[in-house]
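One chain, chain A, links the two complexes that follow: it is found with chain B in the first and with chain C in the second.
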Partner chain A sequence: MGHGHYIAPPKGQYQVQAGEVLNLQFVVLPGESRDIDVSVDLLGPGAEAHLKGLYLCKADEKVNFRIVMHHCAPGCKSTQLFNGIAGGEAQVSFHGTIVVAPEAQQTEAYQENHNIVLTPEAKVTTQPQLEIYADDVKCSHGATVGQLNEDELFYMRSRGIPESEAKTLQMLSFLSPVVPEGREEEIEQAIRTL
Partner chain B sequence: MDKLLEIHNLHARVEDKEILRGINLEIGPGEVHAIMGPNGAGKSTLGAVLTGKPGYEVTEGSILYKGQDLLAMAPEERAWAGLFLSFQYPVEIPGVTITAFMKAAVNAKRKAAGQPEMKAGDFLKLMKEKMAFVQMKPEFAKREVNVGFSGGEKKRNEIFQMALLEPDLSLLDETDSGLDVDALKIVADGVNALRSPSKSAIIVTHYQKLLEYVQPDVVHVLKAGQIVKTGGRELIDAIETKGFDQF
Partner chain C sequence: MVMSEDKKIIQEFTSGEYKEGFVTDVEQEFIPKGLNEEIVRMISARKEEPQWLLEFRLDALRKWQNMPQPDWAHLDMPEIDFQDIIYFAAPKKDKDRPKEIDPKLAETFDKLGIPLKERDVLAGVVAVDAVFDSVSVTTTFRKTLAEKGIIFCSFSEAVKEHPDLVRKYLASVVPASDNYFAALNSAVFSDGSFCYIPKGVRCPMELSSYFRINAKGTGQFERTLIVADEDSYVSYMEGCTAPMRDEQQLHAAVVEIIVEKGADVKYSTVQNWYPGDAEGKGGILNLVTKRGICKGDGSHLSWTQVETGSAITWKYPSTILKGDYSSSEFYSVAVTNNHQQADTGTKMVHLGRGTKSRIVSKGISAGVSQNSYRGLVRMGKNAQNARNFSQCDSLLIGSRCGAHTFPVIQSQNPTATVEHEATTSKISEDQLFYCNQRGIGPEDAVGLIVNGYAREVLSRLPMEFAVEAQKLLQVSLEGSVG
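Here is the complex of A and B:
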C-alpha cells in the first residue's frame, strides 16, 4: 500500500529496542529560532515512542521540525502530538514522516500537528506524511492551522474577561495537552509575551 | 440619573444589511421590559449591539447606559459596568472549565472596580451557592464551558453566570427557547430573584412562555427593526391571540 519501493531512512538519533519506551518532550519558547531534527527507529517488537512538542514563536523567529518515525519491527507503537502558536512574523514548518517497514506488522502510529497563527504575517506550513509498506497497521495523521475562535473570545469578553486575558485562556487550553507537568506557569508567562 | 438605559434613534447593520432602523427605548432602574417580535425583527441584533459584538455596525443614533456612551466601551467594559447578555446560543469553550472561566470574569470585574481578587475559598463557596440556585450539579464546576451540555443545561449555565455576576441590566435573548417547563421555571426564578429597585432586565422573546413566570412592567413589539408598539401586559395577550400581523 506504500508508494514506490521501500528504502530504509538513514539510521536515526534514537533507537528503541524491543520492549523499551522512549518519551521525548520538546519545548520552544519565544526568544529563539530552532531547527529540531529528530528521527526515531523502533527496532524491536513492542518498542514504543511518545513525542510531544510545544512551540511559541514571535517576531522573526524561525522554528523548523523534521521528525521521522521509523517503524522497523512488528507490534510497535508511536504517538506524536505537536501544538504551537505563531505570532509576529514568525515562520514555522513542521515535516513529520511516519515510515512503516514491510516487516512492521501490527504497527500503531499516530501523529498530530495543530497550529494557531495570531497575525496575518506569521506563517505556518505543516506536512505530515505516511509511508506504509506493511498491511496490518493502524495509522493516522492530522494537521490544522487556524486562528483563535472569535465567538469564544466575544463570549468571554461579554462576561468581563479582558481581551488579552481571554486570548491567554484560549491559548492555554489549546496547548494544555502538550504542556509538561510543572511548567504551566512558565508557559503561561511565555504566552503573555506573544 | 433617572434612566439606566437610553437608546435614541438606533440604526445598525450587519455587513450591508440594515437590521435596526431607528430604535427608541428607555429603561429605568428596577424595570423589566419585554421585547417581542417575529423572527428577523432585529431582536438578537439589538442584544449584539448592546453588548458590542464585532461585526455589527451602528450607523446612526446613540445609546447611553448609566449616562455613559455605551458604544464607546469595549465588551468587557460593558460587563464591568453591569451589563449582561444571556446568549441565545451559548458558546462552547473547550479546555476552559466553568470555574476558571467565572473566576476570571469575577476577578476582572473586581479589579475594574478597584477591589482585590476574591479568595479562592470564598469564590468556590459563592459558586456552589449560585449553582445550587439554578439546580446545576456541583460537578459542572469542573466541566468545560458548555461542552457537551444539553440545550437546557446551557441556558441554566447562562442564568448561573448572571446570578454570579449580579448585573444591573440583564438581557435575556430567547432564553426560553427550547426549554421544558421545569427548566423554564428555574430560569424564571433566577430572573425574579435578581429583581430589585436598582436592577433591570430586558427579556427578548418571540413567544410568551417565559413572560408567564416573569411579569414585565413594559412590553414592546419590535418589527422590521423598529419598535412599533409599546404597552403593558395586555400586549402579550394580543400577540398570543392575533400574532404580530396586527401591528
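Here is the complex of A and C:
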C-alpha cells in the first residue's frame, strides 16, 4: 500500500496485507470538534502500521479518538503515538485498543498517548487497552496526563525568555515527535492561539 | 523403573494441586434454598438483629431485584441461579460446651494452618477472626486488644455490642445500591469481621480474617467493616479457601474501610478459593466489592492482594481519596491457570488536594485462562497537584491464554499528573535455558522467574503472608510448562 504521510479521514478501515506498511498521520487543529474512528487490520505476515496523531483543542471543542489495531497474522508490527494539548473547556477522549489474535505470534505492538491539560475546565479521558490472546508477543502501552513542567519554564524565564514564548517552546517540543514534516510553522501558529 | 518413578512424581503433582480441598464433616444447620423477603427476614431473625438492620436488608433486596446483572467484565460468566443457593449455613454448636470450639472445626483450621488457640501462636503476632460458612467461629486475642480500646469481633457481635458504630459506618462507603453484587450482599450478608481502632492507637498485632466455605450448595456473603480513627494504624489480613466440588459456588463479599485523619490502614489479601479442576469444572465465583475512603487529611490506605484461586474473580479494591494530602497504594498479583478467569484491578478517585496514588499490578496467565486488569484513575476538579502512577504488567505462559489491560484515566485538573504504563511479555527461552543449564528444572525455573517478576508486590505483604503467597504462586502454576 505504501501510504505516505497524509491527514487521514476521520473514519476509516484499513486492511494491511503481508509485507505492506501503512503510515497514518492525524492532525486536529483548534477550531473544530472531531470524532475520529479508525480501525486497522494487519492481515498478512510481516504487515506493519505506524500511526501518529496530534491534537490541539481549545474553547468548548470535543475531540474523540477511537483506534482499534487488530493483529491477525504472525510477525506484524504496529506503533501508535498520539500527543495532544487541551485548553479552554475542551474535552478530549482517546480510546485505543490493541487486539492480538491467538495466531498472531511474534507480534510487536506499542501504543502511547500523552496529554497536557492547560486549564482547570479542560477534561481529558484516556483508555489505552490491550487484549492479547497469543503468548509470544511484545506489547506495551503508556498514557500520561499532566501539565507543562515548572522547572523548564523557570529555566527559560531566568534566561530572559518571556513566559508566553517559553510555554510555546515547551508545547512545541512536546508535540515535535508527532508533527508532520513541513507543517511545523502551521502547528506553531496554532499553538499560539491556545 | 525410572518411568514409574516419573509417573509417581507427576501424579503427586497433579493430585496435590489444591491441598485445601477437603470437606469437614460437621453437623450444620441450613435455611431453605432461595432468595426472597422471607429468607432475608429469616436470616435477620436467626441473628437476632435490630429492626434498622432488617430494614436495611429488605431495602437492599428490593434494589437488587430491580437491577440487571452486569456483563461489562471480560468474563465468560455462567448463569447464576440465585434461587438455587442456600444463603445461610452454620455449624451446629455442641450444646454441652457452648464456649468451646467444635474440635472438628478447630481441626479444619489447624489443617489450614490458621491458629485459633492463642497459646499456639507465637507471642501475640496475629489475631484471627475465623469465619466458617455463614458464621464467625472464633476470634482470638480479643482481651489483649480490648485493653487498648480496639474492637475486633465478628460482625454479628458488633451489631449487638456496638450498634452505634456499625450503624454510623455501615454502607457509608459501599451503599446497598452500588452494584448488583453489593446489593445482593447487603440483603443476605451473614457474618464477617468488624474492626475499630480508636484515636491515636497503633494496633500491636496483625488482625486477620480467615474465610472458609464448607457446606455444599451454599454461598458465602461476608461483610467486613474496618474503621481507623484519627492517627491510628492497623494491618489487616484476609485469607480464604474452600473444598473441591464439581458445582460452582458463589462468594459475594463487601469490604468497607474508613480511614480518618492521619490514620494508616494496610489491607492484605491472599485469595485461594478453589479454582476448579483442570477442565474448568467447579470452583468459586468470587464477586467482591472492596472500597475504602481516605476521609481525613493525610490518611493512608494500602491494598495488597495475591489472587491465585477462584474460577472467576471480579474484584476491584478501590480508594476514594477525599482528605487533602491523603494517599493510597494498590499492589496486586493475579495468577490464572487452566480455565480460570480474572477481571481485577482498582479505582483511585482523587478528590482532595495533593492526593497521591500508586498502582502496581502483575498478571500471570497460564493454561487457557483469561486475565484482565481493569482500572480507573480519576482526577477531580479540586485535586490540585494530585499524582498517580500505574504500572500493569502481564506475563503469558503458554500460547492459549489471554492477558488484557483496560485502564481508564480521567483528568479534570490541569495540575494533576497521571502516568500509566503496561507491558505484556512471556518468559523467554533464554531465561529458562539459563536456569536449566544450571540444573534447575523447568517447573522450578518458572517458579523462580515468576517470583522475581512478582517480587515488588510480594515484598509488600506482611511476613506471615509472604511465605504462603510465594508457595501458592508456585503451586498455582504447576504443570503449566513442558
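Simple rule for what comes next: the second predicted complex is superposed on the first by the 182 of 194 C-alpha atoms of A that agree within 3 Å, B and C clash if a C-alpha of one lies under 4 Å from a C-alpha of the other, contacts with A are read in each partner's own complex, and residues count from 1 in each chain.
The criterion applied here is as follows: a residue touches a chain if its C-beta (ideal position, glycine included) is under 8 Å from a C-beta of that chain, and two chains touch if they have at least 3 such contacts.
It should be emphasised that the depicted structure is a prediction, and the values quoted were computed from it without experimental measurement.
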Quiz item: Is A:156 touching the first partner chain B, the second partner chain C, both, or neither of them?
Solution: first
Practice problem: Could you say whether A:176 touches chain B, chain C, both of them, or neither, answering first, second, both or neither? | Solution: first
Practice problem: See if chain A has more residues touched by chain B or by chain C, and give me that chain. | Solution: C
Practice problem: Using the superposition on chain A described above, determine whether A:165 touches chain B (first), chain C (second), both, or neither. | Solution: first
Quiz item: Where does A:120 make contact in the superposed view: on chain B (first), on chain C (second), on both, or on neither?
Solution: second
Quiz item: A:146 contacts which: chain B (first), chain C (second), both, neither?
Solution: second
Self-check item: First (chain B), second (chain C), both or neither touched by A:189
Solution: neither
Quiz item: Which positions of chain B touch chain A when the two form their complex?
Solution: 51-54, 74-76, 78-80, 84-85, 87, 90-96, 100-102, 104-106, 108-109, 112, 161, 165
Quiz item: What does chain A use to touch chain B in their complex?
Solution: 150-152, 154-163, 165-166, 169-170, 172-174, 176
Exercise. Mind listing the chain C positions that touch chain A in their complex?
Key: 74, 379, 381, 394, 396-426
Quiz item: Within the complex, which stretch of chain A touches chain C?
Solution: 102, 105, 115, 117-120, 122-147
